[in-house]
Structures are given as structure tokens and as C-alpha cells.
Amino acid sequence: MNTEWEPQLVGFLCKWCSYGGADLAGTSRKKYPPNIRIIKVPCSGRVDPLFILKALQLGFDGVLISGCHPGDCHYQTGNYRARRRVAITKKFLEYMGIEPERIQASWISASEAGKFVEVVTEVTEGLREIGPNRLFDEQQQQNTTEAAA
Amino acid sequence: MNSNNKIQQKLRHEAGALLEQNKVDLIIGFEPGSLKFTTTPLITRDKGDLDRLVINPFIVNNLAVFLPDIKGPDLKGPKLKGRVAIVAKGCDGRSIVSLIQDNKVRRDNLVILGIPCPGMIELRKVEKLTGKDRDELDDIIREGDKVVITVDGKASEFPISDVLFDNCLGCEFPTPQDYDILLGEPTAPFAERSAGQARILKGISPQERWEFWRREFRRCIRCYACRNICPSCFCQRCFVEESEPQWLMPVPRWQENLMFQAIRTIHLAGRCSDCGECERSCPVNIPLRSLTREMYDLVDELFHFKAGMAKDAPPLMTHYEQEEAKDLIR
Amino acid sequence: MTASNRSRFLAQGNVYLPHIMVIEKIIDETPGVRTFHFNFKDEKLRDEFSFESGQFGEYSVFGVGEATFCISSSPTRRDHLEFTLQRVGKVTNALHRLGVGAEIGFRGPYGNSFPLDLLQGKNLVFVGGGIGLAPLRSLIWNVLDNRDKYNDIHIIYGARSPADLCFKYDLDAWGNNETVNMVTTVDRGDESWKGREGFVPQVLEQVAPSAENAIAIVCGPPIMIRFTFPVLEKLGFRPEQMVTTLEKRMKCGIGKCGRCNIGNIYVCRDGPVFTYAQIKSFISSEY
Amino acid sequence: MNHKKINKKDLGNLLHQWSKDYTIFVPSNEGDTAQMGLWDGSDTGFLDWYRNTAKPPKANFLPPVEEMFRFQKGKEGHSIKLPSQEHQQLIFGIRPCDGRSLAILDNIFTDAYQDPYYLPRREGAVLVGLGCLKPYDTCFCTSLGISPGESNDVDLMLTDTGDEFLIEEISDKGKQLMELTAGLEDATEDDTARASEAKGKAHDKVTRKIDTQHLSHKLLSTFEDETYWEKVAAKCIACGICTFLCPTCHCFDISDEMVKKEGARFRCWDSCAFPLYTKMPMENPREEKWQRVRQKVCHKFEFYPMAFDVIACTGCGRCIRLCPVNWDICQTLGQLPG
């Protein structure tokens, strides 16, 4: 009865900053939830809203987009553009009915292993709270807490 | 109506002069449609066609859709070489400016014949109001802020706001932002615009909203009328037609339909002028404008950006400010 | 010619269900072109299945989709089937990723075939370009395996460059066959190329096979076909003496899905093999 | 022949009776969009508003999307499984134009190869026609040999005679159904007379006409007239409304989906209005919009008649009524030069 559901999170990490942060977290043996699947992207500006929606359609419970801090982008402005895109996507999909917790963004530099751990933990816990992604299931979403109970 | 007649006269005259003096090669306007209470786009190089140009409360199409040389996936539009004179209402005008911002059309190839727009009559609303289909109505006459609808020989009067499109009721800029010739006097927007806000889904839970869209998009047949009628959907190849990777199955299942429309609307951020053509053209009546208007309001809220206001301004998504949307990022 | 074929193809059961086939061998023809040898997984069907040169099939990679290719092997050689394709899109890319032993779907054979009864006792002029040799190759081997039924045989084949020549093993075999006049040409040769250079239609004009009691069978890219017909006419071939096979986008392969029409002709159902006389009388110039 | 009749108030009972053997489809309004939808078991309110559906009844036989079969990749290789099909449907209220459209579609799905999805549905279905007393101003069925009140393409034909429907048996299938149907009254001569009067009136209400004489010849001589087709196509936005919602358009696409070693092959509606429809890697025979518009018109009025001796248009007017730019096929046909 009691399902062993674990949130599945996909992370699009910029290869210059956030991916380095994740790497550092690993090499410095920090613990973070194993629920994240990481996809390395050349820049947070590479993340198309399509990626986000496709991940949700494929059944991932949440999406994390992470790039360099404002001003630190390897390509000067990629993360600023990503910010506009993410803001619009997140807010718009919220209007369509996708919980805002499922789409998360962060700025994590290559040295911020601690922040990476923190963000992934928080996001994962947030997803645990709102329950599994049933958005694209054929049948109407039943009581989401039912599965968790 | 009288003022329409005058504007129409002037339009025919100006269009004729433009063709005659070789200032443009092509006129894009409206002519009477083949059905009662409809008009249809008139795209012509022939001066003889110009006495068919009309201005009335049914000139609904956003003619800017014909401007980009290439429209849709490998889909060539009419051969628009040379200079074009185009009839534009407020929203159409903003779509044109938006196309100029996106480098899809050059301002100096255009002569914009601006129409100060008092709002267009939505036949679906008239049908609902009278309980009759369009072809069963005898007459629809607009008189200022009233409309007189005649059914079976019997005339009834209604406030004009009962029959105008929602986007017209909520329109902020009924007079084109940019024009070469303005036909008539600039008009003011409606004082009370809340009826046109279209945020029909505020105040219900995310689950209920998703449920709503799931139900609506079950009906979608993926005819792509919403995309093809939209002046801002000018991609040479739409993402739904990509095959490697294939983002979406070409089959009309609600999951794919919904995703298509979500991404299409995101692509419209900063381009959509809220002309409402997507919703009007939808053959299965999906309230698409609820989505596009939300996007319209969102970009205004987040970035204080309104589409198609200044032709020299950079497009929304190519630009950024140092300080914005900060609370959305961890 | 089409009406009689139609009843013959009447299929039983669900015509859209593919047979499971197994890839037995893969030959790299050019950097983008591969030939697959394949066979029915169900061994019973290997004997039951029959086809004729010029017919095509619908091949599928499960989960990716279906695509249309002719059967490039000869019906006279029954131990396996072959098809040849260039990687250009989703399905062809997926096919190129498959290895020996992989399973594909196949349904067919569909369409009409080269008119063997018309060719018998005639001089045959095969004109092919690039991967367009695939359907011709089925017919050429068919003819060579019944060599005594036919008169002189000319084969004029060309490709853009030596590297783009398909079926080099066949070209060698035909070149070494004393009963075949084989001419191979490339648009532009390289240092090691010792053969002819020039476009296929030009070379055809130089070789100038006689139109007397002859049939020309042409297949290649549309641009080559368009330039080849006038040359053949100049050499004295009448439209009835020219045969070609057309290519269109197809999905169903059986005249229902609509997209392969040229006027009232469905290429999948009424073709793909036509004489130039037939093509000339089409309503539409959309071929 | 003696006909039956039924009071409109008893229609629910009749449908209920039929629902024991058939899945009943009636005109229904989902999100303001009329289509043949599953009957809820009681409501006959559609009689008040129903003129014709937006989505044509072809959708009940060639659905917008259907699973052709499922496949699975296991240790022993691929296996294929066919879906089970529900065949016994009764469609109530089909209009004569749409009845004809299905007869037209039968040609293509029986030609050369029997279509294993469309035909079983067709064979299992009963069409109950309902005469059209209030044609739209877009209707031109009478120009195509169809009368809005009469049909030979359905199994039973109903005519509104005021408070009652006259029921005529058209086909053997309809006859069999009537034999199993209880509680119907015999129609009187008076009823029949009133019905034929209604039919005549309906026929006269169709005022829109096209001239089908010499049409094929005119299209042939105009075929290469690029200027004409470009002008005609200029305002078309190349969406799929007129083809998807045409009751006789039948073009489809086939595509695959696979998730975790399990997948399905789908067939869904496709349209000659889309450039991708004919696009090949190297070229596209109908790249230009005017070529695609020409294809649509010629297919219906020239190519299809050449193959099957019937125009693939029923004059239902959906393509005119629903077009967002008011592209009117009657104008295109009426203005053909030559």
C-alpha cells in the first residue's frame, strides 16, 4: 500500500558555474539527495522552456535550472536572458496549473558546493511535500495526498 | 454608420492614390465577406479592386499576419515583394511594430493606414445574446455605444459592450501606435476595462486550473489555425514540426495539444498584442485568449513591457535589466 | 496496367501490420548510404513472400516510424531481401543506428513493377544516378539472371564523385560481364579516378545507344530524370520507350493517406513505375 | 411502403431501447462545439438547437487519432498487439450531406485494400438520418445532388413533421433494426404527406449554388494558371480547419511512440494544407501555398470524380462557416476562368 515514492528532479546546470558547484559538492563528500538527475548545459541561457515542459511531461516531478550569478556569466548575458525566460515560464505555467514548486531556478557558482547541497535538498523536500507529478496522466488527478498516506 | 462611411471613402481614396503614384505595390485591407456580417482580407495589386475596401464593425482579422515573407514551417505567404499599404486597427498596428522589432518586416516598406478602432463585434456573443445563429439574424447595426440587432423583423437594442470582443473591451490602445495616415480621429479606450481582462481562472487552485485546460485541450484537433492566424507566430519552422528531436507527437492528444499551446504562448511573450485572433479562429472554441492575455499581463507585470509600442525598442527576450525578477531565483 | 495489379495485391487481414524482419547484413555503400540485407523472422513467410522488381515496402523502426524504400534485391535471388537508403531524416537515421540482428518492421510489397513482358526481346538501356540505382539494380539482376530473354544491355550509371558511387560490387560485376555495356561516370573525379567524368545525361548522349527496338529505364534524382528524357528523345526514343520510377512522400503505401498523388494518380497505388508517355499525360506537373 | 412514426417526446425511450444493442451517439455540445458525442441516456435537448455538427461524423469512423496497434520489445524481440475495437455504434441525427460523405469515404477505404479500422466501424454502425429543415446560408448540398430532407445513404431516415418524426426504412440494416424496435406507431398517409411537404420546403431553403457542369473541365484548363491560384490562395492562412472538419477529407498520418520498450503506432488526421504533408528530404512538390490550395480544390472536384465518379464534396458548408478568413470554396469555383 505504502508506495516508496521518491521525487525525481532534473537539473539543468550551467557547465561553467553550477555544474562545478555540484562537482565540488561531490569531491568534497558533501551529502545531497540522490533525487536529482543532472544535465550539463553550456549556459543557463541554453535552457529552452520546452526542456522544462518536456521534463514534466516525461514524468519528472520538478526541474531545477541553475547558472552563474548575475554578472558572472561566461557569455556575459546568458543568465540574464535565462532569468527572463525562467520567470515567464514559471509564472505562466503556474497560471496553467503547474505548481510553482516544480520549476526552480538558482544561481550557484563553482565554489558554492554548500549552496548546491542546500538548494537540491530544499527543492527535493518541497517536491516531497506537493507530491508526485501526475500532470500528464491520462486520468484526472486523484487526491495527491492519497499516495503519500 | 456615417463615420465608417467617411473613413471608408477616405481609405479607398488614399489606397488608390498610393497605388497610382507607385508608392506601394500591394494593398492589404478588408472587403465584404461572402457571408452576412463578415469581412475577408483583400490582398491586391489591382486598383479596380479598391472600391471593395470596407471599414465596419466586422473587420476582425489581424492583417499583420500577411506581412512576414515566410509564415510558418516552410510556408510561404503571398509574394509580398516591394512596398505594402496595410489597414491596421490598434492591435494590428502593435503586431506590425512587433514584427518590425523582430526584423520580420521593414518599416520603410510599409505604409500603415491606421484605423482608430472603436471595437469589433463578436458574432458568437451576438448569437448567445439572441439565441440565434449568425445566418438567422436580419441586421446588426452599431450606433455609438449601442447596438441594434434585428431578428425576424424585430429590432432590439443592447449596450455595445454586450457584443464587443473581450479583447476590445480590455484594449488599452485602440488607436495604432505607428501609422502613416490615420483614417479618422484617435479614439480613447473604454474607461472600464475589467471585462476584457480574461483572467478567468484566478482564484481557483492549480489542480482546478490544470483540470480546466486538460478538459479544454481534449477538444483540440491541432488544425494550427491559432498559430497560422497569429502575426507573431512567424517561425519558419515551428517546434512542433521538428523531427529530430521530436518534441511533440503530431497526434492530437490533450497532453500534446496542451504542451503545444503552452510553448506557443511562451514564444509570444512580448510579441502578443492581445488581438484575440487565436481564440476567434479556433474551430472548437478553446478560450486561448485567456492564455495569451495572461502572458500579456505577465510581461507587463514582470518587465513593464508592452508588445509593439516602439519600433526601435529591442524585443523583450533579447533584452534584460540588471535588477528584475530577482525573487523568482534562489 | 494498374487495374490488373490492384486485385492481385488485395491483402488479407490488417494491411497496416508489419512483419517482423531481422537484419542479416549491412553494407556501407557511401558515407550516407547503406544497404541492409534482411529476412522474415518467421521462416515460413520467407517462402510465401514474393515480389517483383520495382515494388516497394514500408519499413519501420518500432517507436520511431515508417519510411518507404524500394526492394533493391532481385526476385530471382531469394535467400534474402535488400533495401538501400540514404540517411536524411528521423527514420533513416534510426535505421542507420541499427546493427546486424536488429529487428525492423516491414509491410509490402506495394505498387506496380517494371513491365518485364514489355522488356523481353528488347535492347535495354539502364540509366541511373546516385542512389537511384537501387530499384534499377533489382531489375538488372533480374534481367541478367534470365539473360537469354533480352537483347543488348547498356548500363549508364553516374554519381557526384567516386565516393558517391553505390553498389560498387555490382558495378564491377556488370563491368566484367561481357554481355553488358557498362559505363560508369562521375560528375567530378579525384586523383585516383580513371573513369569517365561528366553528368549522366551528357554521357548518355555520348554513348548514344540506339533507340531501335529498345527500352530505356531511368532512375535517379529528379533533376537527372528531367534532363535525361530530352536526351533520350533526341536519340530517337519515343515516350512509350522510356520507363522510370517516381518517388513521393508516402505514409500508408496503399492509396489511402493521400499525400503521394500527382493529379488523380496515387504513386503508391498506380505506380511507382511509369512510362514517360504516362507521366506526360498527367494532369499535374507536380512530379 | 408503410412507414412508422414517433412522438418527439418519446425519442428518449426509443434511443434507450436501441442503447441495449448499440452505443448511441447524438449531437452534443461540448464546450460550444457540436459533435456526435456519447448519449448520456436521457437528454434529447439537442432537438432544440441542432442544425449540424462542427466536427463531422467521419470522426466516429476515422477518429482524429487512433491507436493502430501496440508493440513491445522483449527478450524474444518485438511483439505486436492489436487493440480491441468497439464496433456497434448508432449515430442519431446524421444529416443527409454527412450521410453522403460516409458513402464517399467508403470508396477510398475499400479501394484496392480494405481498411481494417474504418470498415469494421462502418459495418457495425447504424446511421439514423434526420432531415434538415433549417439549412445554413453556407449550405449548397442541392448543387451536389443531395436534398437536405432526404437520404439514401443512411439506414433509417427521420423527418420532422411538427410534434412527431416520420421514420422511413432506407436500408436492410435499417429494416432489421425496425423489426426489433417496439412501440412505434404506423404512419398515416397524412403524416407522409406532411413529411414530403417539409422535405420540399427544406430543399428550397438551400439558396447557395455552385455549377458543377463543366467544373472538371474548367479545373483542368485552369490547373497551370499560377496567377489565378496565387490570387485565390493569397488570404488563406494554410491552417487545417477546412480539411480536418470536411466530412470527406480523409488524409492521415502515421506515427510511432515508444516509452520504455513499449509503444504504439498511431494514425491521425493530416491535411494537404500543411507543407510538411508532402515534404521530402530534398524537395517538396507542393511547397507553395497556392499549390496546396489547388490540390485541395482539385482533389475534391476533379481527381476524386476521375477515380470514383463522384465529387468529394457534399455542400455541407463547414469549410466556409468555420474559416477564420472567410475563404469561400464557392467563390473559388465560381470564378474559375475558362
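We just call them A, B, C and D in the order they show up, numbering each chain from 1.
Please note the rule applied: a residue touches a chain if its C-beta (ideal position, glycine included) is under 8 Å from a C-beta of that chain, and two chains touch if they have at least 3 such contacts.
Since we're looking at a predicted model, the values are computed, not measured.
Novice: Listed by label, which chains are in contact with subunit C and with subunit D?
Specialist: A chain counts here if it touches both subunit C and subunit D, which gives B.
Novice: Name the chain pair with more contacting C-beta pairs, choosing from B-D and A-B.
Specialist: Result: the pair with more contacts is B-D.
Novice: Looking at mean CA positions, which chain is nearest the middle of everything shown?
Specialist: The most central chain, going by mean C-alpha position, is D.
Novice: Centroid of subunit B to centroid of subunit D, CA atoms only: how many Å?
Specialist: Computed from C-alpha means, the inter-chain centre distance equals 31 Å.
Novice: Between subunit A and subunit B, what's the gap in Å when you average each chain's C-alpha atoms?
Specialist: Computed from C-alpha means, the inter-chain centre distance equals 36 Å.
Novice: Based only on mean CA positions, could you tell me how far subunit A sits from subunit D in angstrom?
Specialist: 47
Novice: Between subunit A and subunit C, tell me the centre distance in angstrom, where each centre is the average of that chain's C-alpha atoms.
Specialist: Each chain's C-alpha centroid was found; their separation is 51 Å.
Novice: Counting only residues that touch at least two other chains, what does the list for subunit B look like?
Specialist: Within subunit B, no residue touches at least two other chains.
Novice: Of all residues in subunit C, which are in touch with two or more distinct other chains?
Specialist: Answer for subunit C, listing residues that touch two or more other chains: 89.
Novice: Name the graph shape formed by the protein chains and their touching pairs; answer line, ring, star, complete or other.
Specialist: Here the contact pattern is something else, fitting no line, ring, star or complete shape.
Novice: Which pairs of chains touch each other?
Specialist: Here the touching chain pairs work out to A-B, B-C, B-D, C-D.
Novice: Tell me, which parts of subunit B touch subunit C in their complex?
Specialist: Against subunit C, subunit B makes touches at 243-244, 246.
Novice: Quick check on the complex: what are the subunit C residues that touch subunit D?
Specialist: Listed in rising order, the residues are 6, 9-11, 13-18, 20, 41, 60-66, 88-89, 103, 105, 221-222, 247-249, 251-252, 254-259, 261-264, 269, 283-287.
Novice: In the complex of these two chains, what residues of subunit B are touching subunit D?
Specialist: Residues in contact with subunit D: 33-36, 38-43, 61, 65-66, 71-79, 124, 133, 135, 215-216, 219, 221-225, 227-229, 241, 249-253, 277, 280-281, 283-286.
Novice: Mind listing the subunit D positions that touch subunit C in their complex?
Specialist: Where subunit D meets subunit C, its residues are 68-69, 71, 73, 77-78, 80, 82, 108-109, 111-117, 220, 223-224, 250-258, 263, 265, 267, 270, 272, 277-283, 285-286, 291, 295, 298-299, 302-304, 306-307.
Novice: Using the touch definition up top, name the residues of subunit C that touch subunit B in the complex.
Specialist: Counting only subunit C, the residues touching subunit B are 89-90, 93.
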